[in-house]
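Each chain carries a letter (A, B, C and D) given by its place in the written order, and its residues are counted from 1.
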Amino acid sequence: MCGIAGIVANFEVSGSLYWALYALQHRGQESGGISTYDNGTVHKYKGYGLVSEVFTSDILQSLSGKTGLGHVRYPTTGGSKPENIQPFNFLFRGHSLSIVHNGNLVNTNDLRYEYEGRGHIFSTTSDTEVIAAILANELIHGHTVGEAISFCMRSIRGSYAVIFMLDGVLYAFRDPLGIKPLCLGEFEDGGHIVASESVALDAVGAKLLRDVAPGESIRLKADKVYPRQIMTAKSPAHCVFEYIYFARADSVIDGISVYDVRQKTGFLLAKEAPAGADIVSPVPDSGTAAATGYAAASGIPFREALIKNRYTGRTFIMPTQAKREMAVRMKLNPVRGHITGKSVVLVDDSIVRGTTSRRIIALVREFGAKEVHLRVASPPIIAPCYLGTDFPTREELISNHKSVAEVREAIEATSLAHISLEGLVEAIGVPCSHLCTGCLTGKYPLAIDGEEEESHGIEMIDPYKNPEL
Amino acid sequence: MCGIAGIVANFEVSGSLYWALYALQHRGQESGGISTYDNGTVHKYKGYGLVSEVFTSDILQSLSGKTGLGHVRYPTTGGSKPENIQPFNFLFRGHSLSIVHNGNLVNTNDLRYEYEGRGHIFSTTSDTEVIAAILANELIHGHTVGEAISFCMRSIRGSYAVIFMLDGVLYAFRDPLGIKPLCLGEFEDGGHIVASESVALDAVGAKLLRDVAPGESIRLKADKVYPRQIMTAKSPAHCVFEYIYFARADSVIDGISVYDVRQKTGFLLAKEAPAGADIVSPVPDSGTAAATGYAAASGIPFREALIKNRYTGRTFIMPTQAKREMAVRMKLNPVRGHITGKSVVLVDDSIVRGTTSRRIIALVREFGAKEVHLRVASPPIIAPCYLGTDFPTREELISNHKSVAEVREAIEATSLAHISLEGLVEAIGVPCSHLCTGCLTGKYPLAIDGEEEESHGIEMIDPYKNPEL
Amino acid sequence: MCGIAGIVANFEVSGSLYWALYALQHRGQESGGISTYDNGTVHKYKGYGLVSEVFTSDILQSLSGKTGLGHVRYPTTGGSKPENIQPFNFLFRGHSLSIVHNGNLVNTNDLRYEYEGRGHIFSTTSDTEVIAAILANELIHGHTVGEAISFCMRSIRGSYAVIFMLDGVLYAFRDPLGIKPLCLGEFEDGGHIVASESVALDAVGAKLLRDVAPGESIRLKADKVYPRQIMTAKSPAHCVFEYIYFARADSVIDGISVYDVRQKTGFLLAKEAPAGADIVSPVPDSGTAAATGYAAASGIPFREALIKNRYTGRTFIMPTQAKREMAVRMKLNPVRGHITGKSVVLVDDSIVRGTTSRRIIALVREFGAKEVHLRVASPPIIAPCYLGTDFPTREELISNHKSVAEVREAIEATSLAHISLEGLVEAIGVPCSHLCTGCLTGKYPLAIDGEEEESHGIEMIDPYKNPEL
Amino acid sequence: MCGIAGIVANFEVSGSLYWALYALQHRGQESGGISTYDNGTVHKYKGYGLVSEVFTSDILQSLSGKTGLGHVRYPTTGGSKPENIQPFNFLFRGHSLSIVHNGNLVNTNDLRYEYEGRGHIFSTTSDTEVIAAILANELIHGHTVGEAISFCMRSIRGSYAVIFMLDGVLYAFRDPLGIKPLCLGEFEDGGHIVASESVALDAVGAKLLRDVAPGESIRLKADKVYPRQIMTAKSPAHCVFEYIYFARADSVIDGISVYDVRQKTGFLLAKEAPAGADIVSPVPDSGTAAATGYAAASGIPFREALIKNRYTGRTFIMPTQAKREMAVRMKLNPVRGHITGKSVVLVDDSIVRGTTSRRIIALVREFGAKEVHLRVASPPIIAPCYLGTDFPTREELISNHKSVAEVREAIEATSLAHISLEGLVEAIGVPCSHLCTGCLTGKYPLAIDGEEEESHGIEMIDPYKNPEL
């Protein structure tokens, strides 16, 4: 999971890129970077930390230019190494290429092997460098940018939302299933922005035009956008976890409000799995929308049993004497008066390993709860994700090898219920076949070694019928 | 507003002091410090920043000892200077004195003048150094600790919750009106803690025994607490703003749950000032409890129109090109789908200058709200605070010189209503005479130069009838 | 050992104070601080590290004002604690007092006890706070500044060069024996400076007027200096170690060039203790001047056998595997070609514990020296210093309990010789009775508990005959 | 100019690499890095700053392995960008390649163009990446390491001392003219080291075996070194500036003591260009050895007129009021007593732009020198360097377009003289044809676009007669 943004405009873009990345910070807190293009020169800066820590006013001013792109990173493939911080910047035959990528390829190793044979040696372990190598290789051999993108999309398999800047011209493309989100916006005073989520557009005062279509490639100018459909599929496969957890609640992804999906999930969950209780409380922050839905549908009062600590700072320290000072207490503050002697419904977004759920339930019980009913706004996660989510292995996923009853026992909840897959799909409001539910069903929308595929019929569009962008 | 804590126990206390201060972080983010006493030596460390930034595991280990105290600071009297970071540590005649203080004295200048005449020269502008000078002066002249505390409490006027450590023995005392909170807890495995709020006790697994009584002084040992009532008053004057805003929602202060006061305020506010609207939304974070109360009482659905940004980092930077990137957007993310075309009730805790309210309402309107009704969970603030709250001058307090109608116009709300003072008092659940409502009424519970006093009848207890603690 | 400076001028002084302290950096690298006075306000800043690390351009600009003083600190009495960083700043009865001090008092404890009885409680363990307490106490009781200085100088015993700023007026005074240096300079464009060494005057383009006389007190204005002799002595007792080691070689102290003293010492040492050798090499940096003298007098070629590492950085780290990577090699690089098979005279300034000498000789031997003759430009150090030098205890001073022959054996030198006391005195060029040679003779120029005094006949001047400055 | 080192041993090498780089710090202070190889994994760390700032004890421990290499960087080709910090680390076909390089190629652009055509896209602007691309390309196409090195050396033109580590095996090679230094050492307890200068060997207790021969390639094992001569030349072309300025004085380069060259240069300079003066003083630090030679030969006493400031810290700040506080004073402290009224010979290593010389002479005059005779231990620099020295353009080189008399006038010296080329060559002690004197003569030892070549007859050795190392 990462966040990306690119802007071309009639004004200097580094400030707006900053705010766009700032708004996408929830997609990655490890590192951030921006590259801009000004009159033949690529200006670039990147570092570890939050966007507000990496960049200063002086740095932003040094990033001059009316075209640029940026990235916030949450590490998936590749580990935490300085050379993996994006954007990546390359030089070849006098051309400059800067590139950012959100998603995960499943055929990286094959492509690395092939391009090493063609003469490229890799500085990083990132699949983004593979995408860059393919694009550069095509361009060096005299192909057009459009041909290079087509060839690249044909070669790579997986989830990808890519923005790149070639000699100061901005391009973007999205995988044929639209697994990872990418949307397009317009500045009133001249300019376009492409970013992972609509909140980045809100943050800079840009108007949401539409999502970049699955399989689409676009070239962005300040005054116009040149689209070209490169690939098609029978149906998209939008990542369900964007709606469940990743995206910011105030985003609109592929036309659907994330907050409303979450609230409706809570509503349906209350119907599917009612609980006789005194209060409904979210596990903050991600369970809040679902909890309000659950409360509204059940009529049980909404009351926060747990309040998130506003001042956790950066450094996580843990003195040795700490039996009585448990880690979860650092982040969550129980409201004793809402808990003691009460029966509590806790609404959380998901269960991964079960460890956190167990600790939270223990904490609520320690503060005197009579009963703790856990309601989960996603179906059980039974399989790993190969397409951009950093889930652990099958062995570590508690729901992979335990029934709901067994999980309930393990986390010591009074009762436990998940929303059904049907309920979740209803809340999202598109057919199930339009979603990637690999982690919930074990069936993936494209070929992955050793896993079951439910083909979405991806095809290239005949290039002769599809003139260059 | 500051947060203080002191612990004496059968175990090393620096780790628990760390977590106690961590839990009190909302009371002051400017700086933090801890002093401990181990076998004749005072170990001490303090610095600027959040508790989690000031202290490291190594530093905590170097703060050895089974007695100690700490402080988090929000600057009131004295300005932001390194020498003002507490605890203050003094040496005299081979004795060591460490001291922390929450509150504000109103006769500091008189006392400084007097003690300068007696030979003390001051290194800081803090009223805490005045308290220390008085205590030390009495002790040097051969008085007992109990006499020194009595004399000190007789001399100083204002709000104060004080913890001090004299040669490794821990003491605490609270002003006769109990303006600032201070509570007492017990560790299961031997030890006592005194702290500003009960959440600090929760954070270290200590049990809340009771509040330190107004006018009471206590000596703490690991196995026993020695109380002594020094002063009395006809009634206490607990600060209403602790309930409205300062205290953490999950605290219990002077026997009353802060969250419940806030939620009940929202409930009563819905009765007093209904609004025909599509959704009720808090201004996060402090309006959340009141907003749930308002929603429940009004039947209007609770939906977050604004979501607080989780990743704001430390550095506040503002590139010059920023017309379109307003500051308030950094902290609050509007949920477009809940706002566009809707009539919104926003619930906030208070209005001080009016600037923030105006910006938030403009932001919500910009995202398409049809109507924005602001409901405020406190009466208008019309007068300054001399007793520990960092309110601006009368001139800057918008409600001091504007009627509610005029404020509504200034902040461009569709409608505006405050809870009545009666409503607030009902929500707190004690007689109005037990509260300090100076900022809401202009009448203060003790003598302040140029202000109206509503005397609470403070008296010293006859020391002959009140044996030493 | 510390460095101090004060300036009053027709221009903003913080920049010049910065460069003055920068030039005095060799006197203390632990911490630095500056206070200035501008229109009723004292501006101040201090911190750990080198002057160039503590201050930034922004900080210097914030230190506005045409009067100010500063300090660089090397810890002697008081330990390394933030509150001990000077200048100290005090407030009393509306007056502001900032003070810096170089030297060491020998009756600190008596004075602390007395002033605690008078009502002062101490925040630090520094003897500078004692000096401030005495001055403030006198001023509060209605005495004039001149009376306060007189009384203070009568009360304190030890070495002291003090600069203080009272409500923006700059004063300085020096102990009656002139143990620690203090000199006075003038700016061409209006202003005066007082500082520990003349190099500080060179650094800011000021002209050296004269040294502050032993027992003298001065008030400085931009256009004039008001002197007043407070105390007299039969003869001064200038610290010999300033000439041997402390002062920067390019300083002129009490009228004598430090470099010339050092070079002449080397010259005389060659006469007193010749050595048949191939080269003469300094132990850098402090032995360089003496080594050039030794080479010139002996006719043996001057060649550097050891070169100082220019890039040692701040962090001293020492991996565990380090048998082969000895600490001394980090700082000194042997020139193999000058050493292998050669007989080498090494000239060093002094021997304290003997450890460093032993390591250096071993290093030179390891690089193949046939013989290593150590020549020391000071007599053996046999007694501790109570007056400002951080020598270790008698037990740790190798020359206290070992003869020169035994020391030679311990440090494994081929031969070892010190300059005689007579030689050193001849090099300095003043009578021996004008110097403090406590560490070399065990006889001190003032009364120190348990040590032998060689009285210098200190007396107060009749104040009736000595009108106020 | 950079410094490089590689070690393979029977022990963990990161500590020794640290000290080796520490000893090479004078060759580059911008950044440093180390890569080690342990059981299939490459551990790596690099950063900006001095070696002692980049690495901590923890970091060194994490760099496990018995083989490794490191680099300190002074920026030449490529600018100051994080991605240019060496070692570079690459991955291809499961192999790992780490590489460091000191020197400068003159056909980088041609090679970049060619390898971009073969499929490599470059992440950096460094010529080291070109060397890596060539090596990797050969290896991927099935050639042996020996063939890859041969092919690489045939392809690249310029100065280069390269160390690389391929899957944990350490190799080094040096350009056929031996322009940049590289020497080989042995650890007593098993292991070999290859490094830019012999001081790195001294620093880790290794014995200097020999220099790596010009045109030689070696493979290093802990117990043995496998040499192979790849190229030959009629004569080497060792860089004269290593002897004049770059190398540390205590190094031995290509069999010659750097200190002795410098001292002898001073000696010959005194014969060539005598000056009637009172003292001879170096411009510290680099003029010291030559000044002692000049003093010895002339009989004029050696006395330091300028002393280098030991405590300059890192931050260079310059308040605006600074007319009287000139930058050069920050670094050099004039000894007034040696200057006032005296005639001074200043000995410096070289004149580049003339600016520094002018400032120093002005400073010495300001302190009262009667005459200032500048003697320069190198001939005039009249042409740029393409082979690793960061000289400015011809226009900025003052001696390129001004006669010695004109330069004297420009820098306001009383007299000015340079050592003759013949004198310098005599001091070094090898035939002039064995040196690269491009910057002094404008004639370069290899073909450089637009410059005059004096061919050294470089040839490849017949590979059939030269079995693989």
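By definition in this document, a contact is a pair of C-beta atoms (placed from the backbone, for glycine too) under 8 Å apart; a residue touches a chain by one contact, two chains touch by 3 or more.
The shown structure was predicted, so the numbers you read here are calculated from the model rather than taken from an experiment.
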Q.
Using the touch definition from the top, how many steps at minimum link chain B to chain D?
A. 2
Q. Is it true that over half of the residue numbers where chain A touches chain D are used by both copies, so same, or is it different?
A. same
Q) Between chain C and chain D, what's the gap in Å when you average each chain's C-alpha atoms? A) 39
Q: Find the geometric centre of each of chain A and chain C from their Cα atoms only, then give the gap between the two centres in Å, rounded to an integer.
A: 62
Q) In angstrom, rounded to a whole number, how far apart do the mean CA points of chain A and chain D lie? A) 48
Q. Touching pairs of chains, which are they?
A. A-B, A-D, B-C, C-D
Q.
Quick check on the complex: what are the chain D residues that touch chain C?
A. 11-12, 14-16, 18-19, 22-23, 25-26, 29, 49-53, 55-57, 60-61, 187, 198-199, 202-205, 248-250, 252, 257, 259-260, 263, 285, 288-289, 292, 295-296, 301-304, 307, 309-322, 324-325, 329-330, 333-338, 367
Q. Any idea which chain A residues touch chain D in the complex?
A. 82-83, 88-93, 97, 113, 115-123, 125, 132-133, 136-137, 140
